[in-house]
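Okay, so chain A shows up in both of these, paired with chain B first and chain C after.
And then the complex of A and B:
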């Protein structure tokens, strides 16, 4: 297994592919942090779908398949689509989500039509455009990596430099205006950077799935931390991890498509984080609720026992019937184990610990957080 | 020194074709603690945002210490409505307060030790120092409000515009905020705050602006804050609470409205 992996890393093509996937993962993970926090996940989806006609038109105009030219087309179309959405929201009564849906379907539909027209042209070189639909990491060349790397570096550098400005924009943009930053322009710039991060991944993951890479790693990292800085770094790491894992799995298993695999891995990371994260995880929340409920039930039993004259288990059960039903016996057993009460045949007795807790409840009121 | 902190001339604001503020003319002298009251949707938040240039008015002008807002921006602090941000944002109390200093820092530069100290000082003033590293979603309503106030404090302004600083806070926080407002006033600052509780208007503020799309009345509380004006301001609203609380001895609110 280890041999297999070291062998994989020596493989030149695979190294290129992995590098591409890592660049894609880091960029989308970090920029995705802002997209997720600003609740712009759908915007990413609309932009990435809208990039398709840009790619095809760039090819039709120049006849070139160089990544610089095609990705420039994608950039322009993505940017143009977000501009259209802004205009629709500002000048019509259509709401933001409606504008997103309209732009996504119109641009993507137009792109698909163009693509099928191009495929009928008597020119063999156009075949490669299909890969922008679902991505094709195996065809990544050095030139592609170079283009991706430069785009990623530029967008990450700007993000790093304007960190506090983007934080202000995401948390409270009105206040940002008050302290003197042009928030509308920053908003436009951040949207541009998100467009760039989408374009970086188009060859690898494709226009259809790319928005998942913007959302999943960032949403996963949100589960683990309460700091923006850490969230972005974790998002980048999760993205890179998805990229590497996806690339390796697809190359060691014959004919598995890389892009969808990367997205799948990132989704698994997201699912894991959703369930198992220490503070915000679902399991932790369930456990917390269960514990709290148990404590409340125990407290009810303890106080009732304290006030009860007979201390008879049946009368307690009668009293509590509306609350617990059959589980009461179980809870009482648990309380015996916790040394809160003792059981003699049919009667229950508070232990010292139990008595202390009752006094605490009755004096301090509720002791729940 | 210019003795008008805020001057608003025939300010009219509309969202689409719906006028929300109509021909507002007020001038607030320096060193005054002014409350803005009016029913929901009266345009109170819109008024504050227009003064701050966050909303472009249809007509009219505002001047702060005799100058347009853009020239005197640094002298104005803002406390937005608490509900206007997402409190689940991954950041801490100290971080939020430091945001009030971002403008002085300028582009790209990060906050350092000096900024941290300034922010801690402001937090201390609001009794919030022990929460400095707390994630903001773990704060109570009153603590959130105090965080926002601390952020406005570090702006070191002369005019403070606050949108409902007392909304949803407990008695303890209310007291802290009132004391802070009075202290700011003693330092010669001017404060304009949206307020909801009519019972405490005269106690907390010395001037009042009564707003319901139009400016119904404006001036010192003892002259202006009387039943007739209250009735006019809240004319489209049920005045139930006013009558039952029976706090306004010279209230002209007629019984049949209830």
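And then the complex of A and C:
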């Protein structure tokens, strides 16, 4: 197993593939952060589907399969599609989601028409275009990596240079307007950068699933932090991690498309974050709710006991029937362990710590220190 | 036009009509992207059911797909209700994950059957006339006729029986609730019908055209009308037009039928958009 892995890392093709996946993961993770925060998660879906006709038309026009040309086509198509969406939303009563669905399906359908034209061409050089549907990391060449790297570097550099502005755009664009930033232009620029980050991943993940690479790493990193900077860095890390893991699994098993695997890994990272994140995670919330409920119930028992004359369990049950049913004995046992009260058969007695806490509750209103 | 071509054309029309019916309500409920999610994620259900039955024509595939469709809707709601991700992120996360599972299963275990990854996106409407329903020695036409036909009837029944409920819960959910119509039941009913429609259409036209047919003609009709009944009617007519023109363009240029139908739907929308935005304004001065 370990031999296999060390062998994998020595392999030249795999090094290229992994490099490609890392570039893809970092770019989409960082720019996805903005897409997710601005509730534009599905924009990526529409743009990536729309890139297909751009790729095919670029091939038809030039007859070349060089990544620079194909990805330029994808860029134009993606940019044009986002322009169409803006037009639809601005000039009609159709809402954002409707515009997304129209653009996504029509552009992709048109791409499929073009693809079926290309597939009938006599020369067989077009065979590689199909890989843009679901991605094929194994076929990445040094030239591809080079193009991807330049696109990624440009988009990330612009993002860092305009970090403050994009932050403003994401959280309070009206304020930005008042302060004098050109928010509409920034919005357009950020959309363009998202288009670029999608184009970077097209060869590896494919047009159909590329949107997941924008959403999943960013949605995962959102669970771990409340700071934009950390979220972006974590998003990039998660994206790179899913890219590497997916690429390795896909190249070590036969008949495994890379795109779906990378997406699945990023989804698992997302689920893990959703459950186990320290502050927002679901488990943490469940734990917090459980503890809080227990504390409230204990407080009710303690105050009841303090005021009650008979000091027995039945009277508490009678007073606060709506809170307790069968769990009362369990809670009382726990309170005995915490040395809050002592139990003699059916009657209860407050200990000194218990008494202190009741006094605190009655004075301050709750039992939190 | 020979017999097989005629059959493909009829199939294209039936499919478009079926999709526009439930698509109208989907669009009005601002759930257009749900058609994208459902049409992709049912693939996981089809793939898992195929692994189990090893038969591509088993009815279990339809059941599996319907369950996955409803599961997608439910999972999106669960994710959204955690308040940890927004609704659109939830949609984007769930359907891509399910679709990936479907694609992985297909490429790993079902590579030889017709359920390959291209068919998933494009469907096989051109091959539909080859799969015929034969009882004894009598040929009753392509099987797809009966599948899409019964789904069309299901759609018509669902919409005409629950027209009032659908209408009220779409436009005024609060009123629907006050009148005792449980929005949840209407919601999941509609989603069930959408899932079944998506499966039927998925087989013939592929997942992307399901999105195109469910959203583009209804949204075009939405631009042109202001009444629900008119919208259903107009989107139905536009759906049929899409089918007819799309098919003829495809056979003329010899290109993908479903792709050409999506493009034609988009073209009709573009015309409506231009007429609406540019053409109407001069009348107002």
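We take it that the second predicted complex is superposed on the first by the 366 of 369 C-alpha atoms of A that agree within 3 Å, B and C clash if a C-alpha of one lies under 4 Å from a C-alpha of the other, contacts with A are read in each partner's own complex, and residues count from 1 in each chain.
Quick note on the criterion: contacts are C-beta pairs under 8 Å (C-beta built on N, C-alpha and C of every residue); 3 or more make two chains touch, one makes a residue touch a chain.
Being a predicted model, the structure only gives us computed values, none of them experimental.
Once the two complexes are laid over each other on the shared chain, residue contacts for A:41 go to chain C alone; chain B is not touched. Within the superposed three-chain model, A:112 lies in touch with chain C and out of touch with chain B [touch as defined at top].
With both structures placed on the common chain, the touch criterion links A:231 to chain B but leaves chain C unconnected.
When the two complexes are overlaid on their common chain A, residue A:222 makes contact with chain B and with chain C alike. Counted by residues of chain A touched, the larger count belongs to C, out of chain B and chain C.
In the superposed model, A:255 makes contact with chain C only, not with chain B. Once the two complexes are laid over each other on the shared chain, residue contacts for A:138 go to neither chain B nor chain C.
Using the contact criterion defined above for the overlaid structures, shared-chain residue A:158 touches neither chain B nor chain C, since it reaches no partner.
Contacts of A:188 after superposition: neither chain B nor chain C is touched.
Contact with neither chain B nor chain C is seen for A:89 once the two complexes are overlaid on the shared chain. The intersection of chain A residues touching chain B with those touching chain C, taken from the two complexes, comprises 222.
Considering their complex, residues 27, 30-33, 35-36, 40, 82, 84-86, 88-89, 91-93, 96-97, 99-101, 103-104, 107-108, 111, 117-118, 121-122, 208-209, 211-212, 214-216, 219, 222-223, 250, 253-256, 258-263, 265-266, 269, 273, 276-277 of chain C touch chain A.
Of all the residues in chain B, the ones that touch chain A in their complex are 49, 52-54, 73-74, 76-78, 80, 84-86, 89-92, 96, 99-103, 105, 107-108, 110-111, 135, 137, 151, 155.
Against chain C, the residues of chain A that register as touching in their complex are 36, 39-42, 44-45, 49, 87-88, 91-95, 97-98, 100-102, 104-113, 115-117, 120, 130, 133-134, 208-209, 211-212, 214-216, 219, 222-223, 255-257, 259-261, 263-264, 267, 270, 274, 280, 282. Of all residues in chain A, those touching chain B in their complex are 37, 161-165, 167-168, 170-172, 174-181, 222, 225-228, 231.
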